[in-house]
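What follows is a set of structures to go through.
Same chain, two partners: subunit A is paired with subunit B first, then with subunit C.
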Partner chain A sequence: MAKTVEKLLKKENLDKLITSVKADGGRWIAPVTDARQVVFKAVTKHEDMASDYILARNSYKEVLFPQTEVIAEYSVSREGSEMHGVELTPAETVVFGARPCEAASLKSLRSVFTWDFIDEFYTKREEKLIIITVACTKADEACFCTTVNISPESTEGSDIYLKETVSGDYLAHGATEKGKAFMAKHGNTFENAPKDAQTKKLVMPEEINGIDLDKISERLKKTGHYEDHVWAELTRKCIGCGACTYVCPTCHCFDITDEGTAIEGERRKNWDSCQFDAFTLHASGHNPRDTQFKRWRNRFMCKMHIYPEKFNSTGCVGCGRCVRVCPVRLDITEVMEALSK
Partner chain B sequence: MENILRKKAKELLETGAVKVVIGYGWNRSKTRTTPVFITKPEDADRLVFNPLCVNNLSVYLTRKFKDIQALGKPAIIAKGCDIKNIVVLITEAQLQREDVFIIGMVCEGTVYKQELWKGELLPQIMPTKCHNCGVRNPHVADVIIGEKSTFVPPEKPTGMVFDKIKDIDSKDQSARWGFWINEFSRCVKCYACRQVCSLCYCERCIAEKNMPQWIETSAHPRGNLSWNLTRAMHLVGRCTFCGECERACPVNIPLNLINQKMILVVKDAFNFESGYDEKTHPPMIVFSPDDKDNFIK
Partner chain C sequence: MNNIYLPQLVTIEDIYDEAPDVKSYRLVFKDKAVREAFDFKAGQFGLYSAFGLGESTFCIASSPTRKGYIQCTFRRTGRVTGGLDELSIGGTMGFRGPYGNWFPLDEWKGKNIVFIAGGIGLPPVRSVIWNCLDRREDFGNITIVYGAKTVADLVYKNELEHWGGRPDVKLIQTVDPGGETPEWKGKTGFVPTVLEEAAPKAENSIAVTCGPPIMIKFVLATLKKLGWNDEQVYTTLENKMKCGVGKCGRCNVGDVYICKEGPVYTAAGVKKMYNDF
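Here is the complex of A and B:
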């Protein structure tokens, strides 16, 4: 087993660390309470960060893939038209307080944004990203990471993996080279860990017995499942909003739109959702996913079939955000269970 | 109450009076209710009714749900507040009264959001609409289930929404503007407010019309303002204050404030409240030669 580097990050040193990151022109993103919910936002001091939370309502993916961003600007004049792309020079961004489940989504996002075309708007940001995960000491009934082979002990995707100590500090483990370098750079805040440091007990969500990922995968490989009654029966209640896709740490679809006048304007990259009926609407008027359950089926296919088959990565990390946010309480695990039969 | 409901649903399906019963059922762990579509009489026992039945199921009667319409004539389990939306759908010619069998449920209130439920329906976890509800005994229904409610709504509407409207109204214009710009800044353009609303039944929403792009899809201040205000305007004189948009909003935008404010404005100007009578058309969609205002003639 590789030698692990464990350090102690004292809570009282967090402000020093935040200040130090910001002094270099960086951003510190952490869960804060805003409008009666916990969300990832830029913070300047540690006391603004939420401590008692399961996980933030939004995923930190918006740090890498903003909900709306300008990718080019255009202008038209008598002399001709001009269009130039936006050059991105992102600052170092530290995401503090992510959970192991969402940290694991990084590989999935990367696989999409670097697959056939290297999306520099994503990759340049990822190069400057440090994910500091805090392992879970709380869970709720929507959490199901253990069912999709992830757990509060998973370090995949984390640059630095923290466990809370009984005294309220953090035991830090550098999980990637980037993470180790960050810890070395800020060596005055990462102290040598005492040998007897006691960490809080991690909470493992109970595995959902009836779910068998291999069976689901087998079933989805055969196109015959398209006619399966399961889809309509379990998911016709979906109302077709994009809430699940927008809080999901692995959903990544976007649309390109031009805003401005005929003289000048900007081209934007905006989040889009496969749950919207216009998502697959053809110019002819034909829509291959003409009812909502077919759109829902597509999202499920994306997570449980396309991601694993095409990218060898997990499409669903079991964070449960889609379950919590759904206005009709459509629980993805209930569909997983039905398809495991 | 549930037994009578299940019996009625079973009977309706057995006799073929309806092909589907749209109602509420439990999730796997029986901690939350979720919409269910019962098509077989033997499945009627899955139906439940309790204060967690927050969803306004009337959305499933709209033309957005072609696959549900394809099942055949529906029966719908509806609280008085949900029935108000069905009434609006009828007045707006989206539905004929005989197209749907309404199973009206006497209701003593629901929770504002299901996650607030701790086993008891306390006043502080009920939404403002329940505290002022005049339709706890369903006003339009084919059958009414439950013991008659004796609740009398207060003469002057009370509750958090009304208090906040009063508070916002007391501020000057720039403060009001600041308040809404800040609230809308969180909008993520997921359109859950639109999708959960049974009165947002357009198959092609103006937000999806992109030649030209009337409403910017970007979740920036301008795009968020134009979306939220456009939707509010489209609901004037129609919204019944069912509260589904605010409940569905993943970023907690207080949409109830806008909608209830509009209801107060319409009541003041036209002495009209939507959702009570399927024979009276909402003021924004009628032309009358007897209109008391001259500018329209």
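Here is the complex of A and C:
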């Protein structure tokens, strides 16, 4: 096997790199401490970036699939109504400091937005996206990537995969053609790596023993599990706030709504959540998922059955965001464990 | 940029009052090229926009054999249908589609077709009825069993009269007990009961049913009793949809995306699904 060529990205060169990306009209998105929380935001200099973090609280999916966006504009007049689509010309966007778990979620989002009908609001942004992942040297009790067959060593979804060196710089590995081209273009900041570069030890979250993905998969394939009491029993405490779906890097549900006056306005694509009761409510009043456990069951099915079976992708990447943000401590790994029995 | 969410503009060419709060619109694409190229199959659906209010999903209620226009039938229920309801002839709406699969009419050649519909479940079936009637020589006996809560709630009254007068169609109309008027000449009773009395033969036949979930449940049971198997019975599943193209995450029944893999299924197909109805 050919040895992959690694380059050295010195911390002191980060500003040069950010400036260079911005000079080309691009954006640099990185974890930033904002109101005491680490979140992905646009930055202009490296000292604004958070360094001591496990994972940004939000996922970088909003760079590809914004919380709200205009997809068309309408006008209504006596002479006739019109609707025009908006043209999207995204700038190059570098996401720096993503973690390997969330990088692995990209394939899932892409599969939903590109099967058969191509959502160009997604694809045009993805074409311009460079994901620079920094492998984890810290983890917390919510991290469970290794339980879902991902680890800090996974490079799937990363364009450039970085490992921190003991001296605080980064060893860079071009993981995709796009990543390699980016490194070549910014060759003055990616130097030849010294042979003896020492990297920091990666932290592997401990695998959760009681979880058996094969068993979960077999159980979910049989339609009869919809009648299992386990769903209502384990998920009764869910209050349906939808927070898990907003921080999840693979949640893709959205609504299409018109906002404006009777004369003019916009049609928007907005994040929605399968955890809300009105989400599936029919005009007749009938609701197929009329109780919270059915909605929770749907989300679990989406992650652990629909994504893997329909799209051959990982629905849950084990980032643990849903676990951290849940106001009632409903932990997806507890349900995974129960379904492994 | 190809914007899959951008509707085509359609003009309301005609409006028909069908029942209390139920109207049909005859729609024509404003763009001549779109109008000429537009094609669909019976069973497909679309998303209809009232600008400023949003989009709603309905089937295309006209037959693909009738070119140059589409028809939709809807009940005024919420925000979008309320907005659509207030438009008048000459008004503009948006239309996206056609989406989804269709009834496999070509596989039904030479067979008897039984249509069983309840209330506002007739519009999707109407597309198939007219499609079959416009290719009448391709099919055997055609029977239509249609019921609604009251006489007033029956939709397509003029067409019911036409179908009832045709020698090549057997039409059985019914209203729920209590829904009849002194002039009512049809049957009184629930659709499954009337279906059982009519006892259509299963041999070399296809059934197409649409209506309230409770009606469909008992229609399936009745057909089973009459010796029909689940492969002969077709229905169309309506679920709430926003995108219509397999992305917004609403219409799935378990792992089946109704908008992409449906909405048309055999009863056998429906029984294989997760209980997510």
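By our rule, the second predicted complex is superposed on the first by the 339 of 341 C-alpha atoms of A that agree within 3 Å, B and C clash if a C-alpha of one lies under 4 Å from a C-alpha of the other, contacts with A are read in each partner's own complex, and residues count from 1 in each chain.
As a convention for this text, contacts are C-beta pairs under 8 Å (C-beta built on N, C-alpha and C of every residue); 3 or more make two chains touch, one makes a residue touch a chain.
Just so it is clear, the model here is predicted, and its values are computed rather than measured.
J.: Is A:239 touching the first partner subunit B, the second partner subunit C, both, or neither of them?
T.: In the superposed model, A:239 contacts subunit B only, not subunit C.
J.: Quick one: classify A:325 as touching subunit B (first), subunit C (second), both or neither.
T.: first
J.: Can A:226 be said to touch subunit B (first), subunit C (second), both, or neither?
T.: After superposing on A, A:226 lies in contact with subunit C but is clear of subunit B.
J.: May I ask you to decide whether A:290 touches subunit B, subunit C, both, or neither, giving the answer as first, second, both or neither?
T.: A:290 sits against subunit B, while subunit C stays out of touch.
J.: Is A:274 in contact with subunit B, with subunit C, with both, or with neither (first, second, both, neither)?
T.: Once the two structures are laid over each other on A, A:274 reaches subunit C alone.
J.: Under the stated touch criterion, which partner chain does A:36 make contact with: subunit B (first), subunit C (second), both, or neither?
T.: After superposition on chain A, A:36 lies in contact with subunit B alone.
J.: Among the partners subunit B and subunit C, which is in contact with a greater number of residues of subunit A?
T.: Per-residue touch count on subunit A favours C.
J.: Now for A:262: first (subunit B), second (subunit C), both, or neither, which partner does it touch?
T.: second
J.: For A:80, select first, second, both or neither according to whether it touches subunit B, subunit C, the two together, or no partner.
T.: The answer is second: A:80 touches subunit C but not subunit B.
J.: Taking the two structures together, which residues of subunit A meet both subunit B and subunit C?
T.: 255, 257-258.
J.: Quick check: in the complex, which residue numbers of subunit A touch subunit C?
T.: Of all residues in subunit A, those touching subunit C are 71-72, 74-76, 80-88, 112-113, 115-121, 124, 223, 226-227, 252-258, 260-262, 265, 267, 269, 272, 274, 279-284, 286, 288-289, 294, 298, 301-302, 305-306, 309-310.
J.: How about subunit B: which of its residues touch subunit A in the complex?
T.: 27-29, 31-37, 55, 59-60, 64-68, 114-115, 183, 186, 188-192, 194-196, 203-204, 208, 210, 213, 216-220, 223, 244, 247-248, 250-252
J.: Please name which positions on subunit A make contact with subunit B in the complex.
T.: Going through subunit A, the ones touching subunit B are 34-37, 57, 67-68, 141, 232-233, 236-237, 239-243, 245-247, 255, 257-259, 268, 270-271, 273, 276-278, 290-293, 324-325, 327-331, 333-334, 337.
J.: Write out the stretch or stretches of subunit C touching subunit A in their complex.
T.: Interface residues on the subunit C side: 1-7, 9, 49, 51-56, 75, 77-78, 81, 91-94, 212-213, 238-240, 242-243, 245-255, 260, 272-277.
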